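Here it is, the structure in full.
A, B, C and D are the chain letters, set down in written order, and residue numbers restart from 1 in every chain.
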Amino acid sequence: MIWEIKLLALILVIICAIAAINVKDLLGAAIIFGIYSFMMCVQWLAMGAVDVAFTEASIGAGISTALMFAAIFRTTRRTKD
Amino acid sequence: MEDFLTQLTSKYNFWAYIVLMMIGLYAMIAKGNLIKKLMGLGIFQTAIMLFYVAIGSKAGATIPILLDTHSKELIDFADYINPLPHVLMLTAIVVSVATLGVALALVQRIFDVHGTLEEDEILEKIKNP
Amino acid sequence: MHDVVLTLLPLLLGAFLATLAGWTRSVLAYPVGAIALLTSFGFAVKLLCSVLAHGTATYLLGGWSPPWGIVFVVDTFSAGMLVLISASALFTFLAFRAEILDHFAEKSAAFVALFMLTVAGHMGIVATGDLFNLYVLIEVAALSGYALLGFGTGRSPLASLNYLCIGSVGASFYLLGVGYLYMLTGSLNMADLARIIAASPVTVSMHGAVGVILLGLWVKMALFPFHGWLPGAYGMTSPVSATLMAPLTTKVMVYVVIRILISVLPGASIPDAIPAVAVTLATAAIFVGSVMAFRQTDQRRMLAYILVAEVGYMVGGVFIGNRTAMTGAMLHVFADSLMTLTLFMAVGSIARQRGEMTLGNLSGLFRTMPFTMAAFVLGAMSMIGVPPLFGFFSKWYLLSGALASGQYVFMAGLLVSSLVNVVLFFRLFETAFFDAPGESVRDIEHWSRVTPLAIVAVLLIVAGLSSGLIVDRLIAGIIPASLI
Amino acid sequence: MKKAALVAVLLAGAFLILSMENFSSWGDIESPASRHISRYFIEKSYEDTHTPNFVTAVLADYRGFDTMLETVVVFTAALACFLIVRLPSDVCKPGLFYYRHASTGLVVRRRQACALPDEGGAFERVDSDWPPHDVVVTTTCRMIIPFIQLYALYVLAHGHYSPGGGFQGGVIFAASYVLLAVSHDLRTLVNQLTERFTHLLAAAGVLVYFGTGLLGLAKGANFLDYDAVADIMGVSLASGHSLGILFVETGVAMTVTAALVIIFKLLSSRGAVTEGL
């Protein structure tokens, strides 16, 4: 993969991580956390770790987000920080 | 300075893992919301996975799946990326989702009991019920 | 030949079958669990005998030889630990039959399965010879532990979530450290790593790796600044879970530290800062644990804070860096498990009759529950360090080891903590002995609860009297000769 | 608190950066990590296991015990969630319950539902906090779901030759059921996969893995040694290992599917498993 794209993906990962913990709405944060997982998966794909990337795409970006959504839906989306 | 730059460029993936890990750890310590803490934990764990996958990378090698299964030649280990860290991280990813599931279950129980997800409000309610 | 793995497999099989039974014939879940624990205990004893006779046992899982495959390596010390863990789990399981069936009602099958899994996880941690496998086993043990401790009313889910966050961070740090070691050596097998590390030059990164691994394990074992989760988690959960987890988790983590120090890093030069920091933290843990134990009204929380101090004992002994102190720490792993088991079992029985465990609620116990209280007294005396009991001997080794290395503050900590224990326990005895029981008290001692408790309490005396034998046969051969 | 956290985290970061000093640079072929044991896996695993995907070979064969425990971790998580959040079945569920009379369209509200009215009869349960279904979404999902499940099976079966395997296949299978629950309602999912069935499936999955391991013991070899599979099936050693990998991956997929569905059901219905996302 072209190194500029790799670097861009890496920067996006960090931006998503910072955004996920700073958004003041848990549902939004959960979605950004899903994006974070997906960008991480792209990162691993770029490193040639196809199996890890596949697992992260299905588990991290898929099921984890669904579970988090379910939990937030049944509790509250309010957060102070 | 020159030294520092070469180190930065040759190891930028390792730097990224440290930055992510610090973000995750900060969220776990400083954030009061329980779900935010769990997100911090998730970021922390993926940072370590990034580190492991970075260990396995090899310049000029391809993905760890054998290309030609019929060739009689000896397989050259320099042609394929190191599969072992990938195996270890598959395990770690599955462990992290299992931990997340249990943690979310506990969070729901806590919400049932205390009616809030903010740590300071919960402590307040425990002190003055 | 298959004894090593057969200590673990009945527990896993028991967990799966208990789940199946829970959804088909739920009365079978408890017997399945009991049989699994009994089988596992039997194989552990057999393994200990064969290890004593023939030396270290190695088992290649999947038939792949190390360093490519995963191996189980059991020496005398780990065989002793396996027997201890399976025995304490078995006694807990038998003694708390009524709780498991009533308290958890239709979830009792799930509880039994998780009980098996957490015991299997802890036994696996003791047996494994592979660093990454150790991580997975830590997670098996911990995840089932979070569930067991989190089941309950009121604050226990919060305490358990707190434990989950801290425990996961600890395990992740450990994983990171293993990654460092893998990066520097290319191996995950303990014996292979020890060989490579001894031959490779001392580098900053190696020190970093050792530091990160030990940091992770300290976090997991609730050493002083990371102890916040322990009193909450053990003090508020159901008595069964507390009795199961209290003798296992912290002790097994101390075991892992010992294992890594003597099997992976004997040839490595550990930076001087690490033992110094460890002994300081251990001393602080002893003082903080003792002071906080004083301030508790709930007797279960008080015991939990005493546990915090006990972790300090063991970590201090491991890092003082001489043979006597190391022996003391290893002996104290055994002793502390047994004492904690006795105390928590007795307290569990009392809590079932009296409910809340505040001091005022315990009046007249000696009259109404004489056998339980006798066992409790034995456990407490051992915790204080009264001679013929097990706790005295390990404490003696620790004290003389600290004296030999000139660690006077740590010694003072040991003595002060013993004195604090005297005050704490005699305060309890006074209420339980002299005050008359309240009008409404109807305490029942059932033989099925008293028998396991009595066996464990008697074991405290037996093990104390044979502690010379334990040191000779189980411990002395394991400590590397380089440690003087 | 926040400042202290920042300082502590920065200190930890500085410590980690310092300890990177002796690392091999990124992508170095000569690093110990690439040379020592992983070299054997790349050079020999096809010969040993007839599995072109090195990751699958190492995951399910050389480090098969790790993978078994990993499956056990997922199983544990399902049991743990069940133990923590499942409400007892004989307790009245809190909340509002709505029933629509099928022929008139009248909606009845009840504050508690201890004995649920006959759902198959004139009354139909309606979720209290989820919008009514959209025909387009429902139909599309109903059409997609079989294909997702087929793909999951492909991922499971093709794990030897391409990225994938039991975990990924199982997760995708579970995801198809999550989609079913989201597009229809949780009751549709519960009708398809009852609680009892998912728990039995989860236990059966780990038992399949465990049983494959026990074959080794039964044949006098070590636990999880797939030579026994080759012996029983009458194929060459390497093909036997390949088959053994397929068996255990199937077990993994069963457990992962069941466990994730259990966790999703419990979390999305707050432990009642009546209605949810």
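Please note the rule applied: contacts are C-beta pairs under 8 Å (C-beta built on N, C-alpha and C of every residue); 3 or more make two chains touch, one makes a residue touch a chain.
Every value quoted in this text rests on a predicted model; they were computed, and no experiment measured them.
Set side by side, C-D and A-B show the greater C-beta contact count at C-D. Rounded to a whole number, the gap between the C-alpha centres of chain C and chain D is 31 angstrom. Inter-chain spacing, taken between the CA centroids of chain A and chain C, is 37 Å.
Per-chain Cα centroids separate chain A from chain B by 11 Å. Rounded to whole angstrom units, the spacing between the C-alpha centres of chain B and chain D is 19. Looking at chain B, one finds that residues 12-13, 19, 25-26, 38, 54-57, 61, 63-65, 84-86, 90-91, 94-95, 97-99, 101-102, 104-109 touch two or more other chains.
Residue positions 16, 20, 23, 31, 33-35, 37-38, 41, 53, 55, 63, 66, 70, 73, 76-77, 80-81, 84, 163, 167, 260, 263, 267, 270 of chain D each touch two or more of the other chains. Contact with two or more other chains is made by residues 50-51, 55, 59, 63, 67, 70-71, 74 of chain A.
Two chains count as a pair here when they touch; such pairs are A-B, A-D, B-C, B-D, C-D.
Contact residues of chain A toward chain D in the complex are 50-51, 53-55, 58-59, 62-63, 66-67, 69-71, 73-74. Across the interface of their complex, chain A is touched by residues 53, 55-56, 163-165, 167-168, 171-172, 174-175, 178, 260, 263-264, 267-270, 276-277 of chain D. Within the complex formed with chain B, the chain D residues making contact are 1-2, 5-6, 8-10, 12-13, 16-17, 20, 23, 25-29, 31, 33-35, 37-39, 41-43, 46, 52-55, 57-59, 63, 66-67, 70, 73-74, 76-78, 80-81, 84-85, 161-163, 167, 256, 260, 263, 266-267, 270-271.
Residues 25, 28, 34, 37-38, 41, 44-45, 48, 51-52, 55, 84-85, 88, 91-92, 95, 98-99, 102-103, 105-107, 109-110, 113-114, 122, 126 of chain B touch chain C in their complex. Listed in rising order, the residues of chain C touching chain D in the complex are 2, 5, 9, 12-13, 15-17, 19-20, 22-24, 59-64, 67-70, 104-107, 110-111, 113-114, 117, 124, 132-133, 136-137, 139-140, 143-144, 146-148, 150-151, 157, 180, 182-188, 196, 203-209, 211-212.
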